[in-house]
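Have a look at the structure that comes next, please.
Note that the chains are named A, B, C and D in the order they appear, and that numbering of residues resets to 1 at the start of each chain.
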Amino acid sequence: MDVRIANTKGRAVIDKTVTDAESAVAGIPDGATVMIGGFGRAGQPIELIDALIAQGAGDLTIVNNNAGNGDTGLAALLAAKRVRRIICSFPRQHDSWVFDGLYRAGEIELEIVPQGNLAERIRAAGAGIGAFFSPTGVGTELAADKEQRRIDGRDYVLEYPINADFALVSALQADRWGNLVYRMTARNFGPIMASAATTTIVQVDKVVPLGELDPETVVTPGIFVDRVVEVGERVWLDDGAFVGGVDLEGRRIEPAAAGTNGGGL
Amino acid sequence: MDVRIANTKGRAVIDKTVTDAESAVAGIPDGATVMIGGFGRAGQPIELIDALIAQGAGDLTIVNNNAGNGDTGLAALLAAKRVRRIICSFPRQHDSWVFDGLYRAGEIELEIVPQGNLAERIRAAGAGIGAFFSPTGVGTELAADKEQRRIDGRDYVLEYPINADFALVSALQADRWGNLVYRMTARNFGPIMASAATTTIVQVDKVVPLGELDPETVVTPGIFVDRVVEVGERVWLDDGAFVGGVDLEGRRIEPAAAGTNGGGL
Amino acid sequence: MTTRISREELAQRIAADIAEGSYVNLGIGAPTLVANFLPEDQEIILHTENGLLGMGRAPGAANVDPDLINAGKQAVTALPGAAYFHHADSFGMMRGGHLDVCVLGAFQVSESGDLANWSTGAPGAIPAVGGAMDLAIGAKAVYVMTDLLTKTGESKLVAECTYPLTGVGCVTRVYTDHAVFDVTTDGFVVREAFGANTVQSLAALTGLELRDASGAAPALSRSRRDAESEEEN
Amino acid sequence: MTTRISREELAQRIAADIAEGSYVNLGIGAPTLVANFLPEDQEIILHTENGLLGMGRAPGAANVDPDLINAGKQAVTALPGAAYFHHADSFGMMRGGHLDVCVLGAFQVSESGDLANWSTGAPGAIPAVGGAMDLAIGAKAVYVMTDLLTKTGESKLVAECTYPLTGVGCVTRVYTDHAVFDVTTDGFVVREAFGANTVQSLAALTGLELRDASGAAPALSRSRRDAESEEEN
């Protein structure tokens, strides 16, 4: 258990919260395999990645669906030359120029995994499955070297779990036991990555008192979480309510630019 | 798609609700494989099972964690001699006398599966996994005839999916799209069984208007659900709030018998 | 009479084939257009593989929510009745055969239903597959939406794919700007020819042996006829 | 001086070895008693494999909730900070090695850590395994709680299990009414002998070669010594 025990009123309580992102990413060594949550920008743990860049660990293997967007977050980690290898499904995007440059220069290794196999391999690691037969990729070059088997008339390839030393995840709220809830499609890889890493580090908008999260709606039970840091509310939320006023990258836009077309929900 | 389209105000809408349990179980044929949710009595879809007994289908293969409790629900289905074979992890309980009698009389076939392998095999069926290597059961008689493999220094046995023609599930609430939420540990096998059956039939305490279930907290998305029937509130609830006054079997107890020790939460 | 319909008309044509009550995934790019033509008076539930069932239309600029996007990483909305889930659950839904229809783009589709849509195999290109391979094998019906011909006039319907495969024998039907083709055990069957197109003209364009939906004798392309004549010599 | 401690004392002894902050699964039957001795001034989180982390004590009779039970199908409560999940997630948690400790009963434990606790193999018995095999291989530390001897005086610690196995090489430590044993690559090591028990007396009771925790030369049981002498002849 990588868990801090705090003394509260003479009682030893589990308290996984840490005071800042720097403390949250402490101890990640050179050469570590690090899962980073997020699908594109949604759910990307920007503050933790920034702290990881500042912390200095290099020669990393990164597991993420993509390979960075723009110049921030994962892209900034790549730009800092800290990543030796990336395992992902979709590196090439309109704003993946950092990765593109490194790849063409031969400065980063790439393992492409179909998105669903990526997700299931991460889940398998968390759930103690030794390997599984997937129908995805059969007959394609991405399965060329893989064991294949026909089961009940359908062809499958054998896929192995992807474990990590660390996972960096972004969620909406946590309690001190590390129970997590997410927001909308920012949930994406968070729950499965949290289960697949030896040490799972989570940034949240807000840490709430134990008992405030409804046990029926906890998405990631605290057993999968080791450290939690509160990084403050996303700019498009105000006290948990959506207030908008940002573009897709989360940058504030002028009300004038947003126009009057309310649209939406 | 086994889905009813209703016309509401000139608009064709998806409406998976049916009026009664009899309609819900219509069309289950002799010889079908039927998953039945529940762990012991918790989450057992009693009203659907009663309707299945009345409907008359026989020669069934049942998938359930247990093999019936007392004389109601699954036990009653067994007592009616409708079940040829049962796949479960734990048939023998203090109140499994119906199964015990049939088994000793050689009137029912039994396949014992370790509980976690049972759950994972059901999930695999729902998730399109052809087979998976599990560490559970290695070296035991329950894995005696199974393919074994050492992966990364650990031994595993190969386990295959369990599909069903029908699943009978109990949940707390549904909307007309079939989205489900459960209550406490009555959730147990519901979500995975719903995903693993060709036709999934659900009983709920209450059908709520579309949009009333929070999309963040839906446990079973409606895509896995074909028919929903409202059976009314469990006797230990009043308008969704726990009021107690029952024993573990859900039978009303006299306040005097319950005593004054409030205990609990 | 024209021989091609527009991309919007094609999207509309595909939308007309999607039954009410269906669960549908629309791939990135042109297939996204299909959403614009789904009937307003019906309920068809859209899945996006990054974790949402019940996806609605794009929001206005003032209501863009960076936490609510589709697989193409565009802002979307969620309908009443929506549900969120994580990636393993989302792709389990797909791989487990729970979606009724998915609509995908293509570089090539072969007579046996092989799909190539993720890589041209060009040297130096950065590979990126995303959910394409999972979608290709996942839905009950896999519809392809594409122009029949490349910009340089080559048929995207082929005897065998030369581009790297996305999935083997997975395509159900191909909607092109010239015609709609079903993939059958006997190869492509012309389900519907648009405008002036005929089974014969389509055979000529594709260089493939094509059948019409009535089951009449196949139309051979000139090249195929020539090849077969040569073989007989 | 007595040679046996009570079941409650044994439960207390086990509870003392569970570190604060641990995630723990207590098996059905005697292991459930351990919960009564977990320190009130610490947080230890109990898992029950039917879908709950953060399980609390039994409710009073007026507050029994049939929807809230443990793996033994007894009424329980949920603590603030609890979480519910379905069976595949619950056993993934276990199989994936996320639990720190589980405590199980046993019919037999072998020198190499094999566990037999689900079936006596008696003819006519109805087999029932439940989560026993998953628990046996799932937790980081697997503690067994048992009497050292059967009612007829046979040792439950054995060279090799004769009852059907639950798991192979899975047991970390055995807590008995006579002593606590660690399972090591050299067989059982006496970690702690209760009351008048000694490594020698325990070797005699079990018929096994036992080491003490200091690493001193193994104590041989009389039968084992005799057997080895005979072999030397």
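Points worth noting:
One rule holds in what follows: contacts are C-beta pairs under 8 Å (C-beta built on N, C-alpha and C of every residue); 3 or more make two chains touch, one makes a residue touch a chain.
These numbers were taken from a predicted model, which means no experiment stands behind them.
Between the contact lists of subunit A and subunit D, the overlap consists of B.
Comparing the CA-atom centres of all chains against that of subunit C, the greatest distance is found for D.
With centres taken as mean Cα positions, subunit C sits 31 Å from subunit A. Each chain gets a centre from the mean of its Cα atoms; for subunit C and subunit D, those two points are 57 Å apart. Across the assembly, subunit A contributes 120, 123, 127-129, 134-135, 182-184, 215-216 as residues in contact with two or more other chains. Among the residues of subunit C, those in touch with two or more other chains are 52, 78, 84-85, 88, 91-92, 94-95, 138. If each chain is drawn as a node and touching chains are joined, the picture fits none of the line, ring, star or complete shapes. You'll find the chains touch as A-B, A-C, A-D, B-C, B-D. Chain contact summary for the complex, subunit A toward subunit C: residues 39-43, 65, 89-93, 99-100, 103-104, 110, 112-120, 122-123, 134-142, 155, 182-192, 219, 234, 236, 242, 244-250, 253, 255, 257-265. Taken together, the subunit B residues at the contact with subunit C in this complex read 1, 3, 5, 10-14, 123, 125-129, 175-177, 179, 195, 210-211, 213, 215-216, 218, 221-224.
Across the interface of their complex, subunit A is touched by residues 120, 124, 127-135, 149, 151-152, 154, 156, 160, 181-184, 214-217 of subunit B. Against subunit A, the residues of subunit D that register as touching in their complex are 19-23, 41-43, 45, 47, 52-54, 78, 80-85, 88, 91-100, 138. Every residue of subunit C that touches subunit A in the complex is listed here, in rising order: 48-52, 56-70, 73-75, 77-78, 84-88, 90-92, 94-95, 114, 124, 126-134, 137-138, 164-168.
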